[in-house]
Amino acid sequence: MPVEKVLVLHGPNLNLLGSREPDVYGEFTLDEINNELKKRGKSLDIEVDCHQSNHEGALIDHIHDSTENYRGILINPAALTHYSYALRDALIASGLPLVEIHLTNVFAREPFRHHSVVSPIADGLIYGLGLDSYLLGLEALVNIIKKS
Amino acid sequence: MPVEKVLVLHGPNLNLLGSREPDVYGEFTLDEINNELKKRGKSLDIEVDCHQSNHEGALIDHIHDSTENYRGILINPAALTHYSYALRDALIASGLPLVEIHLTNVFAREPFRHHSVVSPIADGLIYGLGLDSYLLGLEALVNIIKKS
Amino acid sequence: MPVEKVLVLHGPNLNLLGSREPDVYGEFTLDEINNELKKRGKSLDIEVDCHQSNHEGALIDHIHDSTENYRGILINPAALTHYSYALRDALIASGLPLVEIHLTNVFAREPFRHHSVVSPIADGLIYGLGLDSYLLGLEALVNIIKKS
Amino acid sequence: MPVEKVLVLHGPNLNLLGSREPDVYGEFTLDEINNELKKRGKSLDIEVDCHQSNHEGALIDHIHDSTENYRGILINPAALTHYSYALRDALIASGLPLVEIHLTNVFAREPFRHHSVVSPIADGLIYGLGLDSYLLGLEALVNIIKKS
Amino acid sequence: MPVEKVLVLHGPNLNLLGSREPDVYGEFTLDEINNELKKRGKSLDIEVDCHQSNHEGALIDHIHDSTENYRGILINPAALTHYSYALRDALIASGLPLVEIHLTNVFAREPFRHHSVVSPIADGLIYGLGLDSYLLGLEALVNIIKKS
Amino acid sequence: MPVEKVLVLHGPNLNLLGSREPDVYGEFTLDEINNELKKRGKSLDIEVDCHQSNHEGALIDHIHDSTENYRGILINPAALTHYSYALRDALIASGLPLVEIHLTNVFAREPFRHHSVVSPIADGLIYGLGLDSYLLGLEALVNIIKKS
Amino acid sequence: MPVEKVLVLHGPNLNLLGSREPDVYGEFTLDEINNELKKRGKSLDIEVDCHQSNHEGALIDHIHDSTENYRGILINPAALTHYSYALRDALIASGLPLVEIHLTNVFAREPFRHHSVVSPIADGLIYGLGLDSYLLGLEALVNIIKKS
Amino acid sequence: MPVEKVLVLHGPNLNLLGSREPDVYGEFTLDEINNELKKRGKSLDIEVDCHQSNHEGALIDHIHDSTENYRGILINPAALTHYSYALRDALIASGLPLVEIHLTNVFAREPFRHHSVVSPIADGLIYGLGLDSYLLGLEALVNIIKKS
Amino acid sequence: MPVEKVLVLHGPNLNLLGSREPDVYGEFTLDEINNELKKRGKSLDIEVDCHQSNHEGALIDHIHDSTENYRGILINPAALTHYSYALRDALIASGLPLVEIHLTNVFAREPFRHHSVVSPIADGLIYGLGLDSYLLGLEALVNIIKKS
Amino acid sequence: MPVEKVLVLHGPNLNLLGSREPDVYGEFTLDEINNELKKRGKSLDIEVDCHQSNHEGALIDHIHDSTENYRGILINPAALTHYSYALRDALIASGLPLVEIHLTNVFAREPFRHHSVVSPIADGLIYGLGLDSYLLGLEALVNIIKKS
Amino acid sequence: MPVEKVLVLHGPNLNLLGSREPDVYGEFTLDEINNELKKRGKSLDIEVDCHQSNHEGALIDHIHDSTENYRGILINPAALTHYSYALRDALIASGLPLVEIHLTNVFAREPFRHHSVVSPIADGLIYGLGLDSYLLGLEALVNIIKKS
Amino acid sequence: MPVEKVLVLHGPNLNLLGSREPDVYGEFTLDEINNELKKRGKSLDIEVDCHQSNHEGALIDHIHDSTENYRGILINPAALTHYSYALRDALIASGLPLVEIHLTNVFAREPFRHHSVVSPIADGLIYGLGLDSYLLGLEALVNIIKKS
């Protein structure tokens, strides 16, 4: 029975996954991704909590709550990636291991997507692998936690 | 009796219209603008719903709800114009015709107002015409909808 | 019977409208646009004169002549938008209300098209609406004249 | 008995003060800072209201309410300093005297912290003095109010 | 007897060739270059028309006329190379094969000469070879026409 | 009786002097300036020819004709200052002494006016002195001619 | 028995792994990494070939040979990441699925390491996870191959 | 009787205070400011020495002498703020607590005033508060000294 | 007998005129230039005082003294042109008419010489005319004084 | 029988011509191009040696050897175009006439391809003409050799 | 008899010294420089090994071998100075004292030569002194070794 | 007995050597460095005069006096390195051989220290070698003098 937990955070618009530009972001819905993450978590002997919000402030509130309850954070900051220094500061303040993931390879898209305000403070980055970005990101995060 | 609807979104601080720097933004209150828009909508045979929020996340939530209920979006993103890639992504995801308007001519103001993260994804842009930015914007949006 | 007049100026290459890249610029010929403008002008109780030139100097000469004869200028500067400070200076010198329009949304095209040397001195801007850019631009211009 | 009031606003993540990177931001909790501010306010014959939020929109709502109720604003915009043009527009719209403070000297930290979208519209700036940034900022604000 | 024709356009100041800075631009006059081009055209079984103008507008008028009468354009835009987006738009609109040539190697000269607004829309570029830039450019243009 | 001649060239919009923004450009008409130049020329024992055009190409044609007939050029390129590399090339090709003048101090105006494509090839520059920019510019030009 | 093969390429200086700045790059030798990759490959039912070179040209030669023999490429381009457009062109030419990995989080290091000329053409990117960058990268690559 | 001393340094042109652009810099003369500082110093139980110079070298000489005699430095570097790396190096070398102040909010003025070569090495910054910049700056400096 | 006086200031290294790079700066010594200026001043009915210094601070001290004693300033700031904001502030503070001159055409020299921190605050600029820069500059300054 | 020789150098990845992205680079193999070059060389009475390498160092070695044996160099530096200053220095050191060619019009492709470190030192440039870039480049080179 | 050894590395094209642009790089051949270095080494009681290569990879291989055998590296990276991050990483990995030299003063040459990717990691830099750059560089290196 | 002399100049704050940040600038005092320089000068058969000043103007005065009395200049401009174009112009005007030295490797420090306004006009540069920067710089200077 797992006792450790990690927090998975999904940024703005990710609630639309599956219907929003499926040729760009893939055919999985957010629920399906969350289920896959929980399943993979189980196989890695860790519990996975998932939250999505379109509100920067709500994501920050979640991160503030995480320090007590989680061992690490897996985040897809979506469009907040490119400007939310408030999110960045919250993640630093959590003091937790951090893996940043993106479904797409942001460097193959518009120039504004090439810059992440989160990446300099993450432990690891996984971009462009669709559902695998999440699943391998979880695996990486668990390995970091185990080593720490 | 109109059956089609369009969504009008007003960004942060636009609730202050009429009292906030009237020499810059004009003497109309937001209620007056909304009334004019509904009246013009009636003459164009379309129903007009108006929402204002100071919360980026709340605007995004509204846009997510719009895909089902509206035929197009008329948006004055206000200060979010210059940095809210989350808003931009929500508008793309809606798949709806989009007209971006500003009350003032942003190119005659501070340099940071010259750049819009929304404009590259809009169908049409109307800037600098005060109340007319909204009314002509509505007219333009209805024409786009009719042609589509 | 209308007694007020406005000047509509079309910049270089706009004489080719209808045949030039119709998927970009639309299927209307310049004559058809001018006719629509005159018709709309009539309904707005204003006379509309239209001129096109591929010569920057000829456009400037026209603007110089306009101060006496017109109440406002509606201009599509076409490619001169991006570098003709001489055109800009002529428009300032005219002292007339000014609306700048473009058939296409320039911000969705090549980077060099994102910068307009005319926009900071215009009263209003309408981009991306095809024929509607002209017609709504005329409407906006007439409203500005009425208020002044 | 004081009858005048000023508003103190704390931006995202400042609720963590005392626990978050204490070597960077100091050992005081936000409650302690607020108490010191109220005490100093009393000695300056002014009432001090304090609010913190991780939500840009909530801070803007507070500012909108302040015009009626307060004589000035003391703000530590935290990470919103660097991108929230919506916050900036709200502060301008309030028409109130404004002092912007930071606990740390932002110019001695990462380059992205060197740019403030708020500072050009503030009356005064106090950076790098920890608790003193707040207390001297309050003193400065009260002096501005007295002179106005 | 050739029935196909190509248009050769020479931009501003090229009428001075032979006398203007001969150490930079060579000792050939424009007439001599035009004669060489016609001669080479004859050997390639194509008729060559040559025009020079110091007026951007006149060059554009020529290009507009060319769509009907010519199979391709060889252009030395001279100083217009660096800023005439109007010329660029005219050349695109012609829909004809295009070779841009320069007598000198512009990359070995002043920095402002390194940027061409025409080169991204040309089929081929030949720089720095003096009279050979024209003659080989004609040969290249004819080959493109033959293949199309 | 003077036998030497210099050419004075006025760029676009300068025909409007006296009426165009007199608080910026002064109250003299172009005719009055030309008369003052001829008078001053007489006192300096040199004949002065003056031309104004709104057409870049016409100014270039004039410069081409000047090599034979003039000993020097005094030019106020007006807005062409900022982009007309074709004018610059024509002036170099003339091989004549050159003084560039502006009525206003361009460095105290909009940023785009701070850059001149002509100034690097001029012998002397006189800016900001109104009519005196022309008259002292003529004096400077005559002195250069006398020394050469 | 596996019949499919993937190519793992290690760029300059990676032969030093284990001894070179172990606090930056980790304590594993390249041989140990290669062994882990082969072992993981076996569990994924794919054969893994590994090559390291300090010569850009030798890496390109290897890639040219890979089209015939491999189903995908996993590459750590090391310092070539930042300038080797030749490597990039070779990888494009291979037409094979591509995962780019780095042992460290390059965005937390010197600015020149933030730019990769390879990343825009990769399918997936995994940075900052030490040995896991390689192992998860292999897993990701195999999944891409299986889906294609 | 105070035994501790701090050094107040005023940069170039500050000797003109009171007469120089009083609408920008205020109506106080430098003598009045110095008197206020000494008075406030007395109330804070610290002696205050004040020096002004228009010579960068003289200011540096003063700073060199300060290490022995002072416990901290309060500096208004005036225009040297923007380029005097020599002043910066002298201040670092002093090893003393440092508060940099400006009478005006430099971020609301010309762009060249937005950059300070001193601010990255100061302990605290106070800008835009006129005389209060000095007085609160002194208070801040004394608090830093007391804590050290 | 003249009663009005103007101040002529020469910046660093101008004491070397005549011997320092005479092919760049001309063959006149500073004494000869000063004599020519006094002679020309006499003919213009104004007294001319001349000072040179290699010390920025000494030039500023001179400007401070000038407000009482002079009607205008003619300055060749030499290398201080490019960075001395302290000099600029002193010149603004003087409140006197100002003409900035240079012996050479700075725009035809190294890029760092193209930027003047003084020019935006001068009334007039004369560059590139050697001794005539001074003499015509004096004439211009006297004309400004007469008109004021 | 020809006795003069020229060297043709092909940079990295050009050995793949014909198979690599044929829609970009054409259908000719490198062998076919070399044969065409030799044939054209024969008709121009010059011998043509061709070398390709993926190794920058090997290309430099070839250039070093060329000074003795060849009269000129025709080079397609491929991706090395954009960064190999070592190649550039080798080509300068050879002292031989140089023509740089590209199969494609690099200015119509990714921005990094717009900059060539070789072009400022070449005699002539031919871009975008496929096989004709090579053949006309050879013709140009032979003409340069004949004239020298 | 010396027992300590240092490695001298010469980058691409330095094998041509003496014949390549002798007015730029001097009249010494590489053999002569190497002999002078060995002689100077003898007088400094250290053995000197010299290698030159046009292959970045070969230089890196040499550096890898050096950790065991040498006490320090003296390098003239030639054109690799400006882009070879692979060379830089190899030099860091060696952990040896490093002096970077250039025969010429790179800051007096083309802009691209002003940037060195090696200089930030070197202990000392000697530029512009021809043979003395090498000899004094050796002396400096030996002194660093002696002190370490 | 030496009859030739060289001038050694030390810029601002170098009088503090030995006490100022010894971990950065070393433990030698300026007197000790000067003594070492005089001793090394004696062994090189040249007399060495040393001056330090915190005043840019005083350094310039010294350089002006040097043309008559010295055969070369060795300078450590300290912080003036980064902005003193006046110092640069004085050094050019001296016409003497020039070696610029720095105690530290400026390229391993803050970005503003990477740019020297002096280096483009120096004959040689020696950075990062502490006392050896001075001593080897003197040796290099003497060798330049001997060769001239």
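As written, the chain order gives the labels A, B, C, D, E, F, G, H, I, J, K and L, with residue 1 at the start of each chain.
Heads up, the rule we're going with is that a contact is a pair of C-beta atoms (placed from the backbone, for glycine too) under 8 Å apart; a residue touches a chain by one contact, two chains touch by 3 or more.
Fair warning: this is a prediction, and the values are worked out from it, not measured in the lab.
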item	value
Each chain counted as touching chain C and chain G at once	none
Reference interface A-B: repeating pair among D-H, A-D or F-I with over half of contacts shared	A-D
Self-contact between copies chain D and chain H, residue sets same or different by half	same
Separation of mean Cα positions, chain K and chain G [Å, integer]	32
Chain B and chain H, separation of their C-alpha mean positions in angstrom	49
For chain G, residues that touch 2 or more chains besides their own	55-58, 83
Pairs of chains satisfying the touch condition	A-B, A-D, A-G, B-C, B-D, C-E, C-F, D-H, E-F, E-J, F-I, G-J, G-K, H-I, H-L, I-L, J-K, K-L
Touch list for chain E against partner chain J, complex	105, 107-108, 116, 119-129, 132-133, 136, 139-140, 143-144
Residues on chain L engaged by chain H in the complex (per definition of touch)	11-13, 15-16, 20-21, 53-58, 78-80, 82-83, 112
Interfacial residue positions of chain J with respect to chain K in the complex	55-58, 60-61, 64, 83-86, 88-90, 92-93, 117
